[in-house]
Amino acid sequence: MSVAMNDLGIVRRNIIRADKAAVDHLSRYGVATIHEAMGRAGLMHPYMRPIYTGARMCGTAITVLLQPGDNWMLHVAAEQVQPGDVVVAACTVANTDGFFGDLLATSFRARGAKGLIIDGGVRDVTDLTEMQFPVFSRAISARGTVKATLGSVNIAVVCAGATVNPGDVVVADMDGVVVVPAGIAQQAADAAEAREANEADKREKLAAGVLGLDMYKMREPLAKAGLKYID
Amino acid sequence: MSVAMNDLGIVRRNIIRADKAAVDHLSRYGVATIHEAMGRAGLMHPYMRPIYTGARMCGTAITVLLQPGDNWMLHVAAEQVQPGDVVVAACTVANTDGFFGDLLATSFRARGAKGLIIDGGVRDVTDLTEMQFPVFSRAISARGTVKATLGSVNIAVVCAGATVNPGDVVVADMDGVVVVPAGIAQQAADAAEAREANEADKREKLAAGVLGLDMYKMREPLAKAGLKYID
Amino acid sequence: MSVAMNDLGIVRRNIIRADKAAVDHLSRYGVATIHEAMGRAGLMHPYMRPIYTGARMCGTAITVLLQPGDNWMLHVAAEQVQPGDVVVAACTVANTDGFFGDLLATSFRARGAKGLIIDGGVRDVTDLTEMQFPVFSRAISARGTVKATLGSVNIAVVCAGATVNPGDVVVADMDGVVVVPAGIAQQAADAAEAREANEADKREKLAAGVLGLDMYKMREPLAKAGLKYID
Amino acid sequence: MSVAMNDLGIVRRNIIRADKAAVDHLSRYGVATIHEAMGRAGLMHPYMRPIYTGARMCGTAITVLLQPGDNWMLHVAAEQVQPGDVVVAACTVANTDGFFGDLLATSFRARGAKGLIIDGGVRDVTDLTEMQFPVFSRAISARGTVKATLGSVNIAVVCAGATVNPGDVVVADMDGVVVVPAGIAQQAADAAEAREANEADKREKLAAGVLGLDMYKMREPLAKAGLKYID
Amino acid sequence: MSVAMNDLGIVRRNIIRADKAAVDHLSRYGVATIHEAMGRAGLMHPYMRPIYTGARMCGTAITVLLQPGDNWMLHVAAEQVQPGDVVVAACTVANTDGFFGDLLATSFRARGAKGLIIDGGVRDVTDLTEMQFPVFSRAISARGTVKATLGSVNIAVVCAGATVNPGDVVVADMDGVVVVPAGIAQQAADAAEAREANEADKREKLAAGVLGLDMYKMREPLAKAGLKYID
Amino acid sequence: MSVAMNDLGIVRRNIIRADKAAVDHLSRYGVATIHEAMGRAGLMHPYMRPIYTGARMCGTAITVLLQPGDNWMLHVAAEQVQPGDVVVAACTVANTDGFFGDLLATSFRARGAKGLIIDGGVRDVTDLTEMQFPVFSRAISARGTVKATLGSVNIAVVCAGATVNPGDVVVADMDGVVVVPAGIAQQAADAAEAREANEADKREKLAAGVLGLDMYKMREPLAKAGLKYID
């Protein structure tokens, strides 16, 4: 009965991935832009950092729920990976063990995975950097893990504060990690595109010395809020 | 369009609360017992602590999503409270400001609220202790907040690492906070009851000096796992 | 020359304390009220916690700058204490050592000190609790300190994020610690009084079931900000 | 071969406990006094806090090395407990799970244990408080643990930054936790006694208004270090 | 009246910047050297880190006080920037939101700013790195901010534990961030120069194998302090 | 007497270093491999990070116990360094001051040191990077230290959670820091070699698309543990 209540010990094989065109479209935008385009939603906590400068990825989520100090479910997840997927691993408690290294990366890559997002630790980071296998993690740690206790694969997880459902789009770059629910992937990509077009023009004006105060028409609301200039 | 994507600026008025009998049943068990009965699920992070010794509550969730340093939505939430509810407030980012004090507690109590769970700060804790209004929070802080930016009420939130849907049962005691999805509230209560019955017998044996090694029949699996005794 | 630049190795003997009537007036209000009355200013970080439930104090600051693991300057400060003072000790770096215990408390009390605010650790907390000598600190730690390196007494310090000048009023209660610059102590006390009078009326209305939404006239600004109710 | 190198999977049955008279002698002094008497050594990190006000203990260490999220070894340890022992549990990584609750406390007490020091989480703290079973821990958490991976019992462990060997004396009170190596227990107790005698006299003088500056003859070394008084 | 008490909602337009020659002089030395030359003063907390390797800056401070999750005041600050300035942004509470990105950097640079020091988060770090616009921050985060609540510009702020007045010199390099009060900028630069000259000679001796024990004549004070050599 | 109890104020001159051939052998393997080969032991906490990308070292430990904010003992340690040594510095409390910079690095290198492991802060990191002098530390900080209080050299220390005895082998790379007791250095090197040979073969299979599930024969134990596949 526990299983029914806690979703532990489950592997869901058939998941609905976000539309491939929408994923491709989203892959053209940065994390900050997509997060803004969605109305400031979907971000993971900022402690999630890339293991090397320039790491980035965009793909559909295979979700994993890990037990602390136990990477058994990452091996189970490998079988569910399809080309274009990103593995997103949450843990039942805060844990920084080195759940993932170059062997699992080799396996994930062979299955077509684009990278790993893990609310835990990774190791072999020199090898992973040479492989250019992008990983965003809570920590880097050499500490090994066991294979003793069940978690789950492809259930809804909370990873670094963000809810991730299997098949959602996950985008990561040097600014962090954002999750786009599969159902709004195309809409979010369109909004990101609109936002970015908009930014080029603003950048040009600001570079020419126009102040944001004027460009965004902030002077009146600032005065209304009570801002006082003192000489 | 942002609103559609990010659930900000929304108040859901009609929510389905967990069955009252199930809530009453759950109120008889502790957080650890319920968490175990659900197969070790539903716990918030352990940084959520009661503001006074002995604080405890059990009720149905009114959920709130706050912006940092802004408690506007707690006022909006008050109107949605019905007797037996617990207000569960998440924040879009880690923030320890004093979102809640004795005035809001007075209002919540007048509406029938049983307490507050907030992933943020509270103040007036001496008054709240005198009122015996239970609050579990991330921090205690006198810092005041503004009323300037919209969040939402009665959407799914992630509070201190746990997913909470409006109407879910929330139970809190000195061990922490656990969330029971409304749909399995009765099942969880039954499992908790079974577990507790079970525990009384174990406690008696252990008090009489029986070892857990024998009572749980651990000696064989320990030996199989390789445990060595050295004299 | 360093001394001139860094204010180390200095004890200022003649400081201007806030007006006694203003200090007495401020002692009647809580930290949250005073902080709000000053326009949300002057708070220390919320990691500053009392060593026992119910600890509170209000007095004029004798400031101390400590070196990590060195409590020499607390002995120097004792001589500068006058009845009604509060010792406020900052440290050049984050440090949790037990700088202060029951012997220093005995000495401080004999000089008339009302308590201690220390961005560091304290020990002998059972004795301090029996003495009812209030201390707000970053940590409790038995670790001893040396007397080897100079700091200063009665210079401007940054303690737990707040600037404190000698003679300022320091108020602490279960909600935290707030600093009131000596020059505005009376003004702050008047504002706190006004605010508190105001609160009694609000509390009564809220207890009677009036919603903050109506009492504070929030419905219109919320609607303007785009809040949507969904049934 | 791993076992030989890492001390995992081992239970040492015959340990040499510190001399009982020395333990009794040490039990009369506080943690800060003993730590100072040993020349400022042996303290655990200050994040180790008691689960209830007034908790204290003094006994000989049964040491445990736990795996994260796994309390199997606490059951193994119970069998090794003799009257007057304190169980000291370290974990291979930082972990806050609820390894220990009222059932294990019942078992430990039945064996004669005086309390638990654990660099991890505990639960059932209301029950433990009623039982007055003292626990000092890194966290309070309801999260349950499994019984799947071996650690060890009665090996040297590093618990909250302090090295603990089986049989060492462990003293805990509201100021923290200190470890006294078995071999110097009597010497440490004598030094603590000398120190405390010494303190009574100092306390009296300070209460009478004598300054530490004079009592400890600090004025000359302070002047030599360059302290300047400014009027 | 609040405004008078809390310095919120104020923009000071005429500030006195440190002497340009002194700033240029200071720009030749590292943060550690300047901090030592000032007698070990002026450092921000070490959590302030550069967003790219090699980032460094030296300029006069435009100070900003931000509200959490709100970057309105950075737009206000842009207008006050003059060539050679560094923007120093504090926040009323600990907050890691992405207050600053490539658009504001474009605007700041167009005004002549040399970089940003912010006790909060930044985003667009790949763009900022390409622009070689140096930023030292508490965090990197894509999370967007609003423009709803007033802070201030060019008031005294406490940023990452250091007091900064408008016009002070701020120097940042891979070792951290140091603040030099405008009034002692020349004196500090001279002291830094003297210190550095001094260091070249020491480096040569140490490289040749001379021990610091001998070069600094430490053997006698060490023996006096009681150091014992054991063979 | 204190000295006898706490090991402060001691420099041990004659230490037994691990066998040179074993050290050379260990230097060929990574931290994760050695940690696994020892049965998952010996790791320091993951907050110990290299000051530049690619830093690595392998050598025999000269251990140092520092007092907070005091680097006197690093100068004492320099004299004990022999070619091939690594200095391992612990601190009596958590402290991030800049204990070490380019001058000490010049001295250490002149004595033949291979690098520094320090549970504290370092500075001059740009210079250290140019020198390619590897340092793994808890923090980077420009804050200067004094030379006032004794610690010790070549006693057993707990550094970042790991016990280090003088003469032990310390290996550090981008994955962290591992300590190999001198007495098992050759055994650990052999085990690491065996493990690594083993890995090449696994890597090849995984790259060819074989699943870990099959290669490690996990399907049966997973099924036994209750894993359910859902379509």
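Structural remarks
Letters A, B, C, D, E and F name the chains as they come in the text, with residue numbers starting at 1 for each one.
Here, a contact is a pair of C-beta atoms (placed from the backbone, for glycine too) under 8 Å apart; a residue touches a chain by one contact, two chains touch by 3 or more.
Everything numeric in this text was worked out from a predicted model, so none of it was measured.
Touching chain B and chain F together: A, C, D, E. The chains in contact with chain E as well as with chain F are A, C.
Of the two chain pairs considered here, D-F and A-F, the higher C-beta contact count falls to A-F.
Spacing of chain B relative to chain D, judged by their CA centroids, is 32 angstrom. Centre-to-centre spacing of chain B and chain E amounts to 42 Å, using the average Cα coordinate of each chain. Taken residue by residue, chain B touches two or more other chains at 3, 40, 92, 94, 96, 143, 149, whereas all remaining positions touch fewer. Interface note: chains touch in the pairs A-B, A-D, A-E, A-F, B-C, B-D, B-E, C-D, C-E, C-F, D-F, E-F.
On the side of chain A, the complex with chain F involves touching residues 3, 9-14, 72, 75-76, 78-79, 96, 98, 101-104, 106-107, 109-111, 121, 123-126, 139-144, 147, 149-150. Listed in rising order, the residues of chain E touching chain F in the complex are 30-32, 35-36, 40, 43, 46, 49, 54, 173-176, 178, 199, 202-203, 206-209, 211-213, 216, 218, 221-222, 225-231.
The part of chain F that touches chain C in the complex is made up of residues 67-70, 92-97, 143, 146, 148-149. Within the complex formed with chain A, the residues of chain B that make contact are 1-8, 37-42, 45, 92, 94, 156, 158, 161-163, 184, 187-188, 191.
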